[in-house]
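In this document, chain identifiers A, B, C and D correspond to the written order of the chains, with residue numbering beginning at 1 in each.
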Amino acid sequence: MSIRILVTGGTFDKEYDERTGRLFFKDTHIQEMLRLGRCRVPVTVETLMMIDSLEMTAADRETIVTRCREAPENRIVITHGTDTMAETAAALAAAATGRTIVLTGAMVPWAFGSSDGLFNLGSAVSFVQSLPAGVYVAMNGRWFTWDNVRKDRASGVFESVR
Amino acid sequence: MSIRILVTGGTFDKEYDERTGRLFFKDTHIQEMLRLGRCRVPVTVETLMMIDSLEMTAADRETIVTRCREAPENRIVITHGTDTMAETAAALAAAATGRTIVLTGAMVPWAFGSSDGLFNLGSAVSFVQSLPAGVYVAMNGRWFTWDNVRKDRASGVFESVR
Amino acid sequence: MSIRILVTGGTFDKEYDERTGRLFFKDTHIQEMLRLGRCRVPVTVETLMMIDSLEMTAADRETIVTRCREAPENRIVITHGTDTMAETAAALAAAATGRTIVLTGAMVPWAFGSSDGLFNLGSAVSFVQSLPAGVYVAMNGRWFTWDNVRKDRASGVFESVR
Amino acid sequence: MSIRILVTGGTFDKEYDERTGRLFFKDTHIQEMLRLGRCRVPVTVETLMMIDSLEMTAADRETIVTRCREAPENRIVITHGTDTMAETAAALAAAATGRTIVLTGAMVPWAFGSSDGLFNLGSAVSFVQSLPAGVYVAMNGRWFTWDNVRKDRASGVFESVR
């Protein structure tokens, strides 16, 4: 069972620029995280963009949808900023014919000591193998269907809408 | 969906004793790891034993089986040393009537920088919610049924028997 | 030989706010770092301010100078943002009568995995015990006198002026 | 001011072997630690041996003394297991003509998350630049002369004999 991981950026992949003191994107850490997790699932990692999800445009979402449609795999994980993850999940709903698509992200950059990223990646890689076709968000150890999820901005926790 | 996590020790929870230079068990790190993963699944953590799985006896396995039978939850994660994880999974097979039981562990202690533990915990917590009733091993980002798994000692990787 | 550590903030103590995605100050990590370093030098930690050194005013510097003059200890370490560390060192020069004062900081926040903070703190605590009275900057494993140091902004490295 | 770092092993450089579950030596982490500390002192790192200091023989100590005598640098840091660090310091006393030699180590392996190693390395690199000729032990943020130091086995703390 082969999985495609589409990287779009988000907190997951933010790094600290020690010259400017600002957070920025360089390369994805997904491969390094999979190595640390001793992951042996056949995985193809593809970086689509490296952006903050608050800056994600309709065109960016179209790119993500298109790449999911074209992917040879039926199991796709998308790393994504948490702020608009639910929005992208909704955009993907129509494209999920026969595919299991799981979006995940992190509240704290992986490059920082106390990141939830590795837990979330383990979770997403597992849900994508075991859930039926559909579009899901995997955060906080839980899974949500695309039409029943939102991020509570105050607490940073994902929850069901209904 | 409530989960019970039964702790039995294993590499997961080993620590470094700086006076003797040896590895030893103190308390489980599961709660700390769930906090780091921002896990919001209702979880009850119960420590059954804190031992190396090479030292696990038939009586210890009986204890694990009994606790699974008695647990009010239908979804159970067991943290376990990797060396005899498959053996305990087999012992649990008869007890899994109607329950989903997932065993997981780590190749490197969580207390060390480069542990696979957080990835595996995220994976186990996710598989236990999404797989049908049965006994499974979750390692290397994959899941295995209890009757089709072994650890390859040379590589430290879990694989299907058949 | 007792040491006073005056905390002023700087990258050293920056943390990641997972709700806003921005860096901010909360509490100092100095006590935690000294514990990790198993430091057994008698130390008193005093937080004067928690600010980015680019925002440090003349009044802030006056506060630092005054606290150094009033300190009962002859050995003082000051944690400080790197951008204006040399400026504060110069302001302290007149106050260093009979005292050894060492300023240090970090290029990467301590809360992040790859920080130079612990190395720098070990360095500053050591230089302050072994250098004669004067005002110094301890960065990059080296020490500089207050009148012969600058930070090269492009590389983030401290160097002699002459 | 150029420094030579002689590596002899010790807890500093121990790693976790995930196949056997035992601690072992592979390569030294000193270069990686200096990079993390953004150290800019000219340093030459030389690995003499990779052993637990409890297994250090008289011949091993002779090797260390000889390398110190032959080193072109007047400033030498030696990384060393903590258990017999004081013994090696004593053996070096006669060889320290005109040189500053600082021994340091770690209570917890660098490869583990909670190591004191980076703090100690920052400390040793600083003391070696600022102390007069002689043989010293740098641990716990303090320095000790070779003839006035011992490790308290119960607490793991270095202290003066007198």
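By our rule, contacts are C-beta pairs under 8 Å (C-beta built on N, C-alpha and C of every residue); 3 or more make two chains touch, one makes a residue touch a chain.
Quick caveat: nothing in here was measured; it's all calculated off a predicted structure.
Asker: If you take the chains that touch subunit A and keep only those that also touch subunit B, what is left?
Answerer: none
Asker: Compare the two sides of the subunit A and subunit C interface and say whether they are made mostly of the same residue numbers, over half shared, or of different ones.
Answerer: Both copies touch with mostly the same residues.
Asker: Please identify which of A-B, C-D or A-C repeats the interface of B-D; the criterion is that more than half of the contact pairs agree.
Answerer: A-C
Asker: Measure off the straight-line distance from the CA centroid of subunit B to the CA centroid of subunit C, and report it in whole Å.
Answerer: Subunit B and subunit C have C-alpha centres separated by 44 Å.
Asker: Starting from the mean Cα coordinates of subunit A and subunit C, work out the distance between those two points in Å.
Answerer: Going by mean C-alpha positions, subunit A sits 39 Å from subunit C.
Asker: Roughly how far is subunit C from subunit D, centre to centre by C-alpha average, rounded to an integer in Å?
Answerer: Each chain's C-alpha centroid was found; their separation is 26 Å.
Asker: Which positions in subunit A touch two or more other chains at once?
Answerer: Correct list: 107, 114, 156.
Asker: For this structure, enumerate the chain pairs that meet the touch criterion.
Answerer: A-B, A-C, B-D, C-D
Asker: Quick check: in the complex, which residue numbers of subunit D touch subunit B?
Answerer: Residues 11, 14, 16, 18-19, 21, 23, 52, 107-109, 111-114, 153-154, 156.
Asker: Residue numbers of subunit C touching subunit D in their complex, please.
Answerer: The touching residues are 33-34, 36-41, 107, 114-116, 118-127, 129-131, 138-143, 156-158.
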